[in-house]
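Letters A, B and C mark the chains in the order given here, with residues in each chain numbered from 1 onward.
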Amino acid sequence: MNFSKKPLITFRDVSKWYGEYRALSSISADVHKGEVVVVCGPSGSGKSTLIRTVNRLEEIQSGAIHFDGKDVHASSVDINKFRSQVGFVFQSFNLFPHLSVAQNIMLGPVNVRKQRRAEARTRALELLDRVGLASKVDAFPGQLSGGQQQRVAIARALAMDPPVMLFDEPTSALDPEMVGEVLQVMKSLARDGMTMMCVTHEMNFAREVANRVWFMDQGSLVEVGVPDEFFSKPTSERARKFLSDLRTH
Amino acid sequence: MDSILLILRDYGTLLLVGQYPNGPLGGLAVTLLLSLLGLTLAFPIGVVMALARLSPFRWLRWPAIALVYVARGVPLLMFIFWVYFFVPLLIGRTVTGFTTMVVTLVIYQAAYLSEIVRSGIEGMPKGQAEAARALGLSYIQTMRRVILPQALYNMIPALVSQFVSTIKETSLGYVISVNEVTFAAMQINSSLMTQPFQVYFILAAIYFCLCFSLTQLARFLEGRITSRREGSRQSVVAVVSPSTTTTATAA
Amino acid sequence: MDHRLDFSVLLRGDYPKWILDGVITMFELTLAAWLLAMALGTMLAVARMSNVRIAKIAVAIYVEYHQNVPMLVQVFLWYFGIPALLPLPWQQWINAHNSAFVLAFIAAGLCMAAYVSEGLRGGIRSIPKSQLEAARAIGLSYLQAARLVVVPQALRIALPTLVSYTVLLFKNTSLAMAIGVAELTYATREIESQSFRTVEIYLLSTVIYLGFSMVIMKAGTFLEGRYRIRAR
């Protein structure tokens, strides 16, 4: 696939430290519009940290991250407006338990975009339909299964019409039988052309929909490749070890 | 500031120990004595009430529940008046304010302590009692040897907090002329007349130093106990810790 | 002493009026102090949650003072102590304007505000950071996230504690009698000393206190049920 357009997200020499510990080491990479990037690697490799720097849930100490041409970590940025343009799906869903499913989805549009409640609710129903949960519109998160909650979380992120969706290990906290329903939604988003950056262990998902795989280890971006090549013939030693460890399970 | 120091110099001993040794004990010494007596005598009663509350027999449960509700719903002042009126009737002769206050505190604190003990016991992992019964221990033995020792250890911070509450409650003894530190301060104020702020400031400072140190002790113990009993016991301390049990029984 | 209970004594002369006035004053004290405690307590909790160091220290000192000094002593300090520090014309104005009631509810309200702020603080602390993160990730500002996501959940968690503090406040209004406020306990003592029917008047007051305490507790249980976060 040819991505000749300007990249949507760029990382330039991004580094982050927790005190003495270097969590990210000079990461440089691009995510193009319409591209699906899967970030994988052993635990502690910094993949979650990396994705969280994009919407500034984590700060960086050096380097720069640009979104649509603008420096994300500049002090002049309106952080709330910026975050409303980046959809983020958490590993532990983080739905708001005191609000119904519809209210969860409507919270952003009504309070940040100042949309009218009726419009927001219609849109919420459309999105719930898209993730297959239209019947649960007035249910509460506590009444839903993990897979259902995560799908609602995806709908909540989509409600702001973001140009890019970030997924931080979206299926890691789910029971095995529910992983499929969430991956299904993510695959359909990818097929519809959404720009996505996913941290995940689901290698089949990567093989099916990813345009590129970023392999991280100990805070560095070790290898970037097309899925077919990465999974069959990884060029780096560490990637080879990681993939063989995965296969032995 | 000078006036405060002067008052401390002239009336310091009165506030601390009353007229002792030239007269009856008073002041802070009496406050501490009342609190210690009140809490230590209330404690066994509180444990018995907690067990009664948890027992399967209605005739044991209901009186315990009733007493707890009454203690929580009726002001301590009313309690003091009731005891002041009833005890002489019961034993046929007049009693000192001190005795009245001790009896009041014992009843009042027993009710609150029973709630603390009850949550401590209920917070113990069920497996403990099950293992003890499986070995063949009777209910009483299980309580005595397995449940209560552990529950009571976990409750120590909450007990220290209750001690702080008791100390604050002794201040109400002035209404029946119990010669504790608040009463002593009131006497000093009426003889000085012109420095009420200084006198009551000193009084507040005395209570603050005493109660704050004890509260800090309770927090320290809570930290120690939580870290010593990690994992499955965390829930017990959390249920019973001073931060969840209010130290404001009668403020 | 006459061992037969005779409640009709309480209906004689001015006694019913004293009792009624006592009950009304008790309610007025409770309401005034409660409003003060809730408003101030919330502000203190929010101040403590902010990142301003001075604010955190000031609130901590406020809370420690009010929780470690008996409320009775706080009342005395306000009623006897503070006015003595004010210039004479102020003192005269205060004395002419029913100062005991005002100072009593101020003392009680300030004291309970400390407890309320601790209760709210506990509630807020028990909300996982991830809730705030998720709210910010959608683009809500800090204040919006606090108002729409954190505080509603924190209030639900703190509700039982706040209800029990309300009952405590209600009981503590009896302390106002120490500075001559004619609330229920004061009226009880007056009637006892005049009529010598100790048991009857004590019983009546006890029942009134107990009754209203239970009403408050029941209201609390009702609110907890109504606002419970629904789960399977």
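Observations on the structure shown:
In this text, a residue touches a chain if its C-beta (ideal position, glycine included) is under 8 Å from a C-beta of that chain, and two chains touch if they have at least 3 such contacts.
The structure presented is a predicted model; accordingly, all values stated were derived computationally and were not measured.
Here C is the chain whose Cα centre lies closest to the centre of all protein Cα atoms. With every chain reduced to the mean of its CA atoms, the largest distance from chain B is reached by A. Here the spacing of chain A and chain C, counted between their Cα centres, is 48 Å. For the pair chain B and chain C, the distance between C-alpha centroids works out to 21 Å.
Separating the centre of chain A from that of chain B, both taken as means of CA atoms, is a distance of 55 Å.
Within chain C, not a single residue touches two or more of the remaining chains. Within the complex formed with chain A, the chain C residues making contact are 130-131, 133-141, 144, 148-149, 152-153, 156, 229-232.
If you check the complex, the residues on chain A that touch chain C are 55, 57, 80-86, 88, 90, 92, 94-98, 107-108, 111-112, 140, 142-143, 156-157, 160. Across the interface of their complex, chain B is touched by residues 64-65, 67-74, 76-77, 80-82, 84-85, 111, 115, 118, 122, 161, 164-165, 167-168, 171-175, 177-178, 185, 188-189, 198-199, 202, 205-206, 209-210, 213-214, 217 of chain C.
Every residue of chain B that touches chain C in the complex is listed here, in rising order: 69-70, 72-78, 81-82, 85, 164, 167-169, 171-172, 174-175, 182, 186, 189, 194-197, 199-201, 203-204, 207-208, 211-212, 215, 243-244, 246-251.
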